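Okay, so subunit A shows up in both of these, paired with subunit B first and subunit C after.
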Partner chain A sequence: MQDKYIRLAHGNGGRLMRELIDSLISPYLPKDLDTTLDASPVPVRSGMEMLMSTDSFTVQPLFFPGGNIGHLAVHGTVNDLAVSGAEPSHLTLNLVLEEGLAASELEIVMAGFAEAANAAGVKVCAGDTKVVPKGQGSGIYMVTTGIGWKSPELELSMHCIQAGDKIVVSGSVGDHGIAVMMAREQFGLSGDVKSDAACVLPFTRVGRDISGVRFMRDPTRGGVATVLHELQITTELGIEIDESAVPVKPAVRSVCDLLGYDPYYLACEGRVVAVVAAEHAEALVAQWRALPDGQEAAIIGEFVAAQDGVWLNTPLGGQRYLEQLEDEPLPRIC
Partner chain B sequence: MQDKYIRLAHGNGGRLMRELIDSLISPYLPKDLDTTLDASPVPVRSGMEMLMSTDSFTVQPLFFPGGNIGHLAVHGTVNDLAVSGAEPSHLTLNLVLEEGLAASELEIVMAGFAEAANAAGVKVCAGDTKVVPKGQGSGIYMVTTGIGWKSPELELSMHCIQAGDKIVVSGSVGDHGIAVMMAREQFGLSGDVKSDAACVLPFTRVGRDISGVRFMRDPTRGGVATVLHELQITTELGIEIDESAVPVKPAVRSVCDLLGYDPYYLACEGRVVAVVAAEHAEALVAQWRALPDGQEAAIIGEFVAAQDGVWLNTPLGGQRYLEQLEDEPLPRIC
Partner chain C sequence: MKNITEAKKWMHKIKELDLPDTPIRIMNVCGGHERSITHAGLRGVLPEQVELVPGPGCPVCVCPEEDVYAAIQVSLNHDVTLVAFGDMLRVPVNVPRSQARSLEEAKAKGADIRPIASPMEAVAIADANPNRTVVFFAAGFETTMAPVAAMLAFEERPNLKVLISGRLTWPAVALLLDSDSPGFDCLVAPGHVATVMGGDEWRFVAEKHKLPAAVAGFEPDSLLAAFYSTLRQFTEGSAFLDNCYQELVTDEGNQPAQSIMQRVFKVTDANWRGIGIIPQSGFELAEAYQHLDARNDYPAYHEEARQKAGENPPGCDCAQVVLAKIRPNECRLYGKACTPRTPYGPCMVSDEGACRIWWAGGLR
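And now, the complex of A and B:
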């Protein structure tokens, strides 16, 4: 592409737009993607249930330790399909570019997107690019919508959860939220916290195969606390979390202590929270710990019939109530 | 919802976000849509090919004579599936809301969305809402991604086009572009041009059933001229358009003459351009004219082997070359 920065004309459907797509977008998408089609064929997998999921990505900054918005755009949708028990196959991609965006930044984001899509084994089948005037966007917004295929025998649902079921996390919580906040440098802090952004398919494939797994979710916006509250409201059971069992990286803990954050509200982008029958919980943790990035998997709590709400059992033997997220979570990361 | 304006906290995944979704979004989506799911099941239609399409909507202003961004968000994706020969069934919806947006505006847009979705017979199966800081959006951006089902016997492709084939439009061109421009009031003009925004399924259903229809497209961004250039480049045939045959509403023609626009570059949001074997062209036009909004359907030109490029035969007997859109089209409408 001749221009070093995105211009409004790159979104007008004409020659410059074709140049943008041919030089900065198509090279990072499957070679057989036909960008002249209005709609693309997607092969149906017979005997499987089809699932569909969508997510929008408005993270600031676009780049952070451990990834960029391009990686997130794949993981966000792929992980939603994965925790639902599906094997994702296809994605659509929407780009909303802000006038003035550096072409080199778009290129890095698209390379991140391609890297994550290849790692997850998903193929882009359709897309759309718009350019908005300067001051009406934030560099790049992305949307992905995905298709996945689930065995009709597999049942995962909040409604299967019973008192006594255990709550398991696949790794440390809050890394992504703190990594994004540090990348903003707004607090003058520096550190080596890396985002946990990753495809969770290795974890959910294990979860699909272990009987007794009732439900899985990736704790993104609103963090683990928000997942627990949704579970509590839907099941009408109480939840008790053993605070000392929740894996939190020391660097994440330090930043949280310093700024008064609670890591349970911070977004993860590569973790799974699973609910599993008590007798199978150890098996799940053992298999998750054997995976790369799974060493910190742990049972963190359980469902109880005897009380209402979400409670943390503190290391000193007390209990504190985990509030439902209401106002602005700090840091805003999506 | 208590707040009259959207706040950042409405996008944080917590209680306020649930309130926003329950009060302003869910009421306009199917009653059986489960907003607690990470991914939604979509029934597969056996014996049919599945097609997928996506589009982003960044139109300014959000409201214009004949519709709003909510209508467009349905038509854009439904029409792409329709011109591909498919019957659309499901949509996903992404909302990127700007902090400070009036709740009442969101409500009107969602009502428009619901109206258009019901008219097109498509069902929302998944969605996502994000809130971006004031000055990083433009009120509302929308993305829809759709699934449709096509008979495997139907073949529609630019590659089927031959010299002698006729080019047909389903109605007047440029109405949407001019309606949006007038709604901006930036030129101090007023008039009664209404957008053509509509679902084109009635037209494409006819097109599917008439043998000899090679290809259909809805001329949105870049207008009819951009469709013709894509056809010319792909087929490597020449195109001759009879300028006096192209339906342009008098009010649209007046504004174009006044401001120096060419209606062929203006977006339509409810028209179809079809390529059809010469012997079936009259049948297609006759059936299209019998439809509501189809009275102006017309054969506007044909493919010729003898010359290169896209040419307009002018009413005075001359020829002028229709340039490929390069720079900023005025008015910007997407």
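And now, the complex of A and C:
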């Protein structure tokens, strides 16, 4: 592409748009993708249920330690399919580009997208690109819709959960939230916190194969606390979390202490929260710990019949309620 | 987990004290302390006659209603960018529903309002917008006012003005101690304030009023050490100021910071929301810095006719909570008309506010 920056004309459907797609987008999509078609065939896997999920991505900044918006656009949708028990196969990709975006930035984002899509084993089968006038977007917005295939025998549902079931996380919580916050440089803090952005398929494949796993969810916006509240409200059981068992990286803990944040509310982009029958919990943790990025997997709590709400048992023997996230976390004043 | 081991040691020592059966009230004067206490569940691990009482420790909660109102009006009626610490944005003022009741609502009505986390962000915004006036609504205790003073002393900008609403902590405690019923038996003094202003500021509690006192940090081990110290003093009938935050707190405090504050500010009588004027408890700009005071550039917006101006909303007990006369869950509105989602009084807004902390921690 000759232009170094995206122009409105790159979205006009004409020669410039073709140039944009050929030089910056197609090279990062499957080689056998026919970009001249209006619609693509997707082969049906017989005997399987087809699952669909969709997500939009507006993260600021576009680049952060551990990934960029391109990685997120794959993981967000693929992970939603994965925790639902599916094996993802196809993705659609919609790009909304802002006039003035550097072509080099788009290229890095597309490379991130391709890297994540290849790692997850998903193929892009359809897509669309629009350009909006400067000031009407924030660089790049991405939307992906995914298709995955799930065995009809596999039942994962909040409604299967019983008192006594254990809650397991696949790794440390809050890394993505803090990494993005630090990348914004809003607080003049620096550190080596990397986003946990990753495909969770290796974890959910293990979860699918262990009987006794009742439910899986990836804790994104609102963090682990929000998943726990949804579980609590739906099951009408109480939840007790052992605070000292929740894996939190020391650097994440430090930033949280400094700014008055609770790591339980911070977004993760590559973790799984699973609910599993007590007798299978150790097996799940052991198999997750054997995976790359799974060393910190841990049982963090359990469902109880006697208590209402989500409670944290503190290391000193006290207890506190984990409230539902109310508003955007604000830094405290003194 | 050194802190946990240390904390358990202090818990054990507290249990071994020969405490009287009558209630012993330990008051803190820092939202950070209240937050750490609630987060670590410390109320549940102390002997039952020990009551941990939140006191005047939330700058957002005592920031005068008329100051918030003025900030809202400046942001709406003048061509400025108003910056404020994040938790000031949702503090409600007493105006009809049709008007902006908080800075957040003013923002939704089109005012240019930006939350910041440190004074240097205000400077950065002023530098990025050299042709625009930036008004920094600076509310806070000594810990916040020290960096505000440094900003004014070293980073003056022609387009950066301040709306100062700073308060000193100890005069509110002195007010309680000078009253007939202080409402507490022991004091845990604020570690961050003492880091800046020095531990000596709090000696009057023990020396003049004969109440046990200890400066504490923000980890459970430091707080439990302070509880132990004051409880032991209480049982032994002694009273002195202990320092349980020796990592950071000295008797004199941070003297360079204090001298900058003395240069930039003068201490005056000041209004505390719902409480009234407390002598020598507020910061205002010294003569040499008057040219940076936004109050000189805009109308005062002190409207006598405005209903409930300067007060808490009707039925709101925030002032009683701040003065440790009642606990958050004794307010009739707590968790009913007043929740974190729809805060009615200022103590439900900030993460430093006792009502917000108690509600979030599940205290009902």
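Here is the rule we go by: the second predicted complex is superposed on the first by the 328 of 334 C-alpha atoms of A that agree within 3 Å, B and C clash if a C-alpha of one lies under 4 Å from a C-alpha of the other, contacts with A are read in each partner's own complex, and residues count from 1 in each chain.
In the analysis below, contacts are C-beta pairs under 8 Å (C-beta built on N, C-alpha and C of every residue); 3 or more make two chains touch, one makes a residue touch a chain.
Keep in mind the model is a prediction, meaning the values are calculated, not measured.
Of the two partner chains placed by superposition, A:Val193 touches none, neither subunit B nor subunit C.
Contact with neither subunit B nor subunit C is seen for A:Ile69 once the two complexes are overlaid on the shared chain.
Once the two complexes are laid over each other on the shared chain, residue contacts for A:Ile241 go to neither subunit B nor subunit C. In the superposed model, A:Val132 makes contact with subunit B only, not with subunit C. When the two structures are aligned on the shared chain, A:Leu29 is found in touch with neither subunit B nor subunit C. After overlaying the two complexes on the shared chain, residue contacts for A:Tyr321 are found with subunit C alone; subunit B is out of touch.
Counting residues of subunit A touched by each partner, subunit B versus subunit C, the larger count belongs to B. Residues 326-327, 332, 334 of subunit A lie in contact with subunit B in one complex and with subunit C in the other. By the touch criterion given at the top, residues 8-9, 11-16, 36-44, 49-56, 58, 80-81, 83-84, 86, 90, 92-96, 125-130, 132-133, 135-138, 141, 143, 145-148, 158, 217-218, 220-222, 226, 230, 234, 324-329, 332, 334 of subunit B touch subunit A in their complex. Per the touch definition, subunit A reaches subunit C in the complex via residues 186-188, 244, 259-260, 309, 311-321, 323, 326-327, 330-334.
Residue ranges on subunit C touching subunit A, taken from their complex, read 1, 4, 7-8, 11, 31-32, 35, 38-45, 59-60, 85-90, 115, 117-118, 120-121, 139-141, 143-144, 192, 220, 340-341, 350-352, 359-363.
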